[in-house]
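By letter and in written order, the chains are A, B, C and D; residue numbering begins at 1 in each of them.
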Amino acid sequence: MLRNDIAITPQLVAEHGLKPDEYERFKTLIGREPTITELGIVSAMWNEHCSYKSSRLHLKTLPTKAPWVIQGPGENAGVIDIGDGDAIIFKMESHNHPSFIEPYQGAATGVGGILRDVFTMGARPIAALNLLRFGSPDHPKTRHLVGGVVAGIGGYGNSFGVPTVGGSVNFHTRYDGNILVNAMAVGLARADEIFYAKATGVGRPIVYLGSKTGRDGIHGATMASAAFEANAEEKRPTVQVGDPFAEKLLLEACLEIMAKGCVIAIQDMGAAGLTSSAVEMGAKGNLGIELDLDKVPCREEGMTAYEMMLSESQERMLMVLDPDKEEEAEAVFRKWGLDFAVIGQTTDTLRFVVKHGGEVLADLPIKELGDEAPMYNRPHVPSPKLPVIAAEAVNAPIPAREALIKLIATPDLASKRWVWEQYDHIIQGNTVQTPGGDAAVVRIKDGPKGIALTTDVTQRYCEADPVEGGKQAVAEAWRNITAVGAKPLALTDNLNFGNPERPEYMGQLVGAIAGIGEACRALDFPIVSGNVSLYNETQGRGILPTPSIGGVGLIADVTKSASLPFKAEGEAVLILGETAGWLGQSVYLRDVCGREEGAPPPVDLAAERRNGDFVRELILSGEATAVHDLSDGGLAVALAEMAMASGIGATIDALPGNLPVHAFLFGEDQARYVVTVPSAKAGEVIAAAAKAGVPVTRLGTTGGDALRWPGEAPISIADLKGRHEAWLPDYMAGKV
Amino acid sequence: MKAAVVVFPGSNRDGDVARALSAAGASVSSAWHADTDLPAGTDLVVLPGGFSYGDYLRCGAIAGRAVIMDAVRAHAARGGLVLGICNGFQILCESGLLPGVLMRNADLHFVCRRQHLTVERNDTAFTKAYRQGQVIDVCIAHGEGNYVADPETLARIEGDGRVAFRYCDATGAHTAEANPNGSLNDIAGIYSETLNVLGMMPHPENLIDDLVGGTDGRGLFAGLAALAA
Amino acid sequence: MKARVIVTLKTGVLDPQGKAIEGALASLGVDGIASVRQGKVFDVELATADNASAEAALKQACEKLLANTVIENYRIETGV
Amino acid sequence: MKARVIVTLKTGVLDPQGKAIEGALASLGVDGIASVRQGKVFDVELATADNASAEAALKQACEKLLANTVIENYRIETGV
């Protein structure tokens, strides 16, 4: 019988985030009252963050397989085959709540955590991306949060030495009290040298590596799943501090011992640190684990077993080593100046046993900690359908040229250069397309092949219609990858939603997953890894439902990739895909008309695929000179972006007679691209598009230093660019 | 040409510079911060970019006092070539091989972007492949590149023609807007008195390839590699 | 008047800088240093000569900018 | 024993961080701050209990590492 010094009261149980029935379930499982250490362990394993108890049932419906998928969800990160024996390992993860409390360290440790997930599997990180959602620019905290988060992401990634090549930044008042910081890491490994968490062999040493354990983030994992209260700031001392220097050493040391064949199983210590890493290694390998906490390298004196098991100190790993190579591995870690300690062993008991000071403080059935975690089919209601807003029903309050000038400098559409110039996006020497385009392109080794990377979601569409919004997020990622000429291969998702115990928010999650799944299936774009972040809300109101998508594509020859700047004067400007002038939930409707209304644009997945496949062929055949997909702000904004990136203007010859001008220019119909081709080729390309069933129109011609369309004065590109670039730096400097 | 790239804990552009040197035809080996000697026959020592020792305390401070630095100092004293890029420049200043210090960028932000430089002289081992006054387009990626020296030191550096590169705009003009970090006199790189040690903030090693930004960095490595051993 | 603000990490918060310095001092042969924690100091000139209003301004400066009160403590020394 | 080392920029050396802080404080509406110079503080635990040998070790630490004496001054406070 285990000694129990601390009575487990209902209040203590509640403080650990366990519902009474969950606690009863646990007691039945172990046949007695738990110790405080055991309560800590189960609270970490059974919280939303680790157990996915609200989402698991629905996540199972997502497509995760394809011939090129080596490892789908369930490991530290997903793995896909990109040919020639190379594999890409990637995942996205949130650090929302920690970043709200301490933006620099929260974001930094978010980046650190996701990088660790990727190199734990044997990959060297070759790219990082992020997706950030902040509150209204007018909210008193927003500026501070933007500054801190961006500095934290840069501070960690730049020092670690990974190029941060892309991302997305939006603002909305529904994130005022709960920002989103989603970080994605992408690594390269040999397909036959991938490392997994599954332990094998009885009596093998379990080794602790990396930094020492402190009292950081105790209850961090629980915090990540608990709704934010107004007094959130008082929970501060649990903040974790990142040490990118230690992580860089850990990377080099891990890759070195992996290459020497020392590693049997490896798991990074992320949320719920030692607890979840040890349990996972044992459970996956059908083995028991015995830990002796007296051996754990600690940063502070007098740490209890409870604290050690729940500490979220960063830059730590757990490994099962080949006993014959233990010395060799230790020498590598010492060389890099890292801690190395054998803290336990694998057993054949299927028990998770934790000893401290010669006493057994936890003795739990290891498989059940994971397998028997609660799983809920929570009540959910679909979001009410919103009316379709006809283009004709939206009056233009200002002339179209003024609307464009305004939109290009709104928080969501303004240039994010101020952000990505703080990220080292060129280190490693393979960034073929830097931030600022549709997708980043990163060459693999010396080429010619490369990968295309993007992060996307349009949360206002998801709020209006979670299913359509989920589809759209996947479709937009697919389109961004296609727009650079790459073939979309797989994605990672990060589902950021409100309180799942509220049927309307649960309904958003369920709807978005349905939409995502449908799009993934239609586009052959499986999900190989992901993360769920629930309870994102402040004082009862959920954030906008935000299922972030991180997409990865492959291009056989990066020299053929397309980019969005216009390349020359006198080229034909084509629009591919159908323009119906959809203004519902458009940024035009929101930021020009002041209305957040209506159904979002429907996503026709067959059209997406047909149009995208055509555009990709056009790029790879070398005919397309510039390509940009259409998203927020529609055609006018896309043309403006292509012009601003090049300094070359364009003229639209004629406006359609059947649509209001503003619906034509700012409508957000999906599955569309702007493509330029040499004028002499235009006829041929239009014929080919028609033959492929892709709607195509020649809009006009590139040239001059302004954007022009009939009936309004030209819009100077230099002027547009000045406004587009100014907003964010001015905002951060407190000037706007 | 035999180049040795020194690896400190936290170096992260060691691979990038080795790649640039190899592509230029140099034979490249690496040296470990704790080694007492450089690889035999080293002609050029490279201190790469990165965040040595996390750049904690001051950038380059701890690395500047690493064991290998005695060997680097001896190599420099013999007239051997030393190139410090970014963190390497910071290390050279901290180790006393170059004068001055690199402080926080004036706007306190890390900055990664394309940057034009003027090549101030082309008669050193490092810049033979360029024209004097040539404007080259490279990139920068640093948070602490703000070169500062006391007035006498600065006057001496200028007087001796020891400024290697200056920040400028695309036309070669040295304007305040073109200076990304507040460096005195737009200094992007300086030489030692005997011109065999060069420290520079920008990253020529990341501009050796048309596909990845351009090739204006190549000249530096090509010039070095072409030197007879 | 002159004042000094000293900002230090709260107990228990990881100090990667201090850790790196400890290691470097040991390898430089400086003995006897058991641990180092790094903080910041701000030497401030104030327009006022009045202690109370100086303290008030400095407290505001610390809370709003100089200290990250999530992980740091600060101390104000006026009349230095 | 415990000691504190304070490292500050020499007079005349430019301090971009200090300048930026001055600007930020002004824009945050913290009034009355005429100038700010930022330095570092090191809180050190020493193995020895002897003042003289502590001072010696700390002096060595400062000269060898903690201060860049080209631009910085240091002050050692033992028995804090």
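What we mean here is this: a contact is a pair of C-beta atoms (placed from the backbone, for glycine too) under 8 Å apart; a residue touches a chain by one contact, two chains touch by 3 or more.
As the structure is a prediction and not an experimental result, all values here were calculated from the model.
Student: Looking only at C-beta pairs in contact, point me to the busier pair out of A-B and B-D.
Tutor: Pair with the higher count of C-beta contacts: A-B.
Student: Between subunit A and subunit B, what's the gap in Å when you average each chain's C-alpha atoms?
Tutor: 36
Student: Determine the centre-to-centre distance between subunit B and subunit D, using the mean Cα coordinates as centres, and give it in whole Å.
Tutor: 29
Student: Counting in whole Å, what is the centre-to-centre distance of subunit C and subunit D, each centre being its mean C-alpha position?
Tutor: Distance between chain centres: 9 Å.
Student: Take the average of all CA coordinates in subunit A, do the same for subunit D, and state the distance between these two points in whole angstrom.
Tutor: So the centroids are 41 Å from each other.
Student: When you check subunit A against every other chain, which residues touch at least two of them?
Tutor: 243, 245-246, 337
Student: Could you tell me which residues belong to subunit D and also touch two or more other chains?
Tutor: 64-66, in rising order.
Student: Any chance you could list the residues of subunit B touching two or more other chains?
Tutor: 53-54, 56-57, 62, 65 - these are the residues of subunit B that touch more than one other chain.
Student: Using the touch rule from the top of the page, what pairs of chains touch, sorted by label?
Tutor: Listed by label, chains in contact pair as A-B, A-C, B-C, B-D, C-D.
Student: For the complex, give me every residue of subunit D touching subunit C.
Tutor: Subunit D residues touching subunit C: 6, 8, 18, 21, 24-25, 28, 30-48, 53-54, 57, 60-61, 64-66.
Student: Okay, in this complex, where on subunit D does subunit B touch?
Tutor: Interface residues on subunit D, with respect to subunit B: 12-17, 19-20, 64-66, 68, 70-71.
Student: Please give the residue numbers of subunit C that touch subunit B in the complex, ascending.
Tutor: Of all residues in subunit C, those touching subunit B are 16-17, 20-21, 23-24, 27-28, 38.
Student: Of all residues in subunit B, which touch subunit C in the complex?
Tutor: Spelled out, the residues of subunit B in touch with subunit C are 53-54, 56-57, 62, 65, 67.
Student: Under the definition above, what is the set of subunit B residues touching subunit A in their complex?
Tutor: Going through subunit B, the ones touching subunit A are 9-10, 12-13, 15-16, 19-20, 49-51, 53-56, 109-113, 139, 141, 143, 203, 205-206, 208-209, 211-213.
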